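Some structures to go through are shown next.
What follows is subunit A paired twice: with subunit B in the first complex and subunit C in the second.
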Partner chain A sequence: QVSELVQFLLVKDQKKIPIKRADMLKNVIREYRDAYSEIVNRAGKTLQEVFGLQLVEIDSKRHTYILINNLPRVEGKYLCRDEEKEKMGLLLIILSFIFMKGNSVKDSALWEFLHLLRVYPGKQHQVFGDVRKLVTEEFVRQKYLEITPIPLTDPQEFKYQWGPRSEKEISKKDVLNAVAKIQGKDPTFWSSQYSEAEA
Partner chain B sequence: ENREAMLNSRSNRLTEALEEANALFDGVCRAREAALDAQFLVLASNIGKEKANELHSEMSAFDSTAFAEDLLTFMGINRTEETDDLEDDGPGGFLPRDAWKRMGEEALKYFKRAPVFHYMLGSFKSEPPVPKQRIERQKKASRGKAEQAMPAQLKKMEESHQEATEKEVERILRILQTHFENDPNTPISFFDFVIDPNSFARTVENMFHVSFLIRDGLARIKLDEDELPIIEPTKPSGAGEEDSRAGARNQVIIRLDQREWK
Partner chain C sequence: NTVMAAQMTNAHRRFLQVLMSNGITEGSEARKLHQHCCETDKVYYAHDKLDDFISTINSHLQPLFMQIRKGISEDDGRAHYAVVNLAETEVTKMASDYTEMELELFRKTMDLIILSENGFASSTDILNLADQLKTKKMKKKEAEQVLKVFVEDKWLSEKNGEYTLHTRCIIEMEQYILSNYQDVARKCNICHSLAIQSQVCESCGIGMHLPCVRKYFRGQTEPRCPKCNEFWSCDTP
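Moving on to the complex of A and B:
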């Protein structure tokens, strides 16, 4: 049962959409419901020991899980499809923008910023295609971004924040370091972001 | 419009806009225009509030425009002197094809992202190489087969030769043996045995086959009282070894031409 669950989780993780406990129960655990937590625990252990992956619950109310990489970072090229790479590049930029601007930004602010990088919501992008869809749907479904409507705004405006997957997969310190590297400055240049990142 | 630009603490756009509105209001004489003016004031005060918020913001000033420019540099933009808008390229430069890939490679270093799981067998990624191997193998296989077909064919012919010979030899041995079984103490005249009264060629063939039997020690040729050769099958095993050795030492040349045969 444990190995079945491990396989199930690995396959489900391909789309990077969080895995629901209900799905786990329905597809793998089924009649062994009572042993559920034991099975999940053991599966988590296997994932860690065999694959170096961590099974993390990102929503304790709705019981959804994601897999993250628990191995120490290595120098050198990462084995990854180009498409994936490019999306992660865009994502990092968005997350950086959000953090540096105080952890929450308005949609208009973000898109105005992306304009500067030749990324337009209404226009088909050479690399990303329908960027608006990628950002507002795919990234949100994967829990990298969280988009919530701002009350009392007309026309409706939204605020963009880091999603729970981002919180687990990357740290504020990492992001600040990335920004610093790109801008050729020391991370302490932005003192308040620095103190928040170090906290 | 350009909300972000107005929010920029360094910009006076908001003040300018307000001043412009003030000036415009002097020319207002219709209710609708007054309503528009009121709407504008609401917007302006909202922006003013946000601007105030930004000032009190915990974050140190972050210049997103500078960040964007540094990003473009990082991605490898080729900055040109011209400011013409060339198709997809914005003013100020040309982004290379791998710009976002470059960005992504850097980004991957920061994420603790679980690699996407693929089955080693039959995953989409490995599909292209597999047909290639198959093609190569097929080529090799078909080539091998062709080559093999040749020697196989030749082999077959040879075998059939050999087989035919062996069969004949066996047949003759059996005949010899049967004869001896029936009449154990009368060796057969060699000539009686091999000569085919109807065919010279057959006769020669028979002699040819008999020579095999002699060579293999399965039969023996002796000279009888009349100095005519007689043939008899050898007894299996036991004395066989010695006999075959002895037999091998003797070479007999028999000349037979058609006239004699007749």
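Moving on to the complex of A and C:
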């Protein structure tokens, strides 16, 4: 069962879709329900030991899990396919923006910022295609971004924050250092972000 | 002979992660990756120890019924590596990426390719299949698009409007094909692996990979079949 669960998790995670406990029980564990935690535990250990992936519960109420990459992040061309790399590039820019703005930004502010990078929600982008869909659907589904409606706004406004996968996979310290490098300043220039990054 | 406990290091894990996300990795790329991983994770690196490196990973993948497998491209004879699922009884790896209808088209295309003389199926023949799918009839335009995706994802490769199985597909599905197409699937007489594209002896019917033919007949002015000794009728590549 452990090996079946490991394979199940790897395949599901390939799409970066969070895995529900219910799916695990139905598709893999089936009649071994009583041994559920034992099986999940062992699968987690195997994923870490063999693949360097960590099984993390991101929603303890709804019991959803994701696999995060536990290997030390490194620059270079081997990280992922080109298409993935470009999407990650855009994601990191968005996450940096959100972090530097105090961890939450309004949708209008984000799209204004992306405007400056010639990324428009209405137009098809040469590399990213439908950017609005990528940001508001794909990144959200993959738990990289979290978009929540702001109450009492008319027309409805939304706030954008880091999603649970970003919180686990991406280092705020690295983000701050990258921004500092681009702006030619010391990371301590942004005191609140610095203390948050060092925490 | 000292036997060292083969431990997984981050270098091994990184190598495995990249191999998995690539789908298929060519030999020289794999060697570069091996070096990169060892340097990044500060693990001892020896340029000729790639096989040992992979064996270590494989020993840990074995209880999971997975394996890093090496296969030879039928086009250029170069080695390629892929992570395969040994417990696969059908095209399960593809199952999560495609609809039922697309999978049926793929299976039927695979039938055409394996049953063919030369390992290729023409796009016309495949598009005609699309019309007869049991799940749901697929329009020609849609089928063309699906074929394009199969090529992009490296399950099929295309040459001059004809399709054959990509090296990745052959490495991943060799066992599946050999067991499900037992009577029809050809094995190369030289290397004994599955042969999709092959040259066939007109007299006794044995088949050989083109790169294997090239190697076997190198320097021979009168190529003869290794089994029945008749003149080899095909042009040696």
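Note that in this section the second predicted complex is superposed on the first by the 194 of 199 C-alpha atoms of A that agree within 3 Å, B and C clash if a C-alpha of one lies under 4 Å from a C-alpha of the other, contacts with A are read in each partner's own complex, and residues count from 1 in each chain.
Quick note on the criterion: a residue touches a chain if its C-beta (ideal position, glycine included) is under 8 Å from a C-beta of that chain, and two chains touch if they have at least 3 such contacts.
All figures in this text were calculated on a predicted structure; none of them were measured in a lab.
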Contacts of A:T46 with subunit B and subunit C, given as first, second, both or neither: second
Which of subunit B and subunit C A:S3 touches, first, second, both or neither: second
Subunit B versus subunit C as contact partner of A:K87, first or second or both or neither: first
Residues of subunit A touched, compared between subunit B and subunit C (which is higher): B
Subunit B versus subunit C as contact partner of A:E169, first or second or both or neither: first
Partner chain(s) touched by A:S191 [first = subunit B, second = subunit C, both, neither]: first
Contacts of A:V11 with subunit B and subunit C, given as first, second, both or neither: both
Contacts of A:N69 with subunit B and subunit C, given as first, second, both or neither: both
Which of subunit B and subunit C A:F97 touches, first, second, both or neither: first
Footprint overlap on subunit A, where subunit B in one structure and subunit C in the other make contact: 10-11, 14, 51, 53, 69, 78-81, 84
In the complex, subunit A residues that touch subunit B: 10-11, 13-14, 16, 51, 53, 67-70, 73, 77-82, 84-93, 96-97, 100-102, 106, 108-109, 112-113, 116-118, 126-128, 168-170, 174-175, 177-179, 182-184, 189-193, 196
Interface residues, subunit A side, partner subunit C - complex: 3, 6-7, 10-12, 14-15, 46, 49-53, 69, 71-72, 74, 76, 78-81, 84
In the complex, subunit C residues that touch subunit A: 8, 10, 13-14, 16-18, 20-22, 33, 36, 40-41, 57, 60-61, 63-66, 85, 87, 93, 96
Residues on subunit B engaged by subunit A in the complex (per definition of touch): 2-5, 7, 57-60, 62, 64-72, 74, 88-90, 95, 100-117, 125
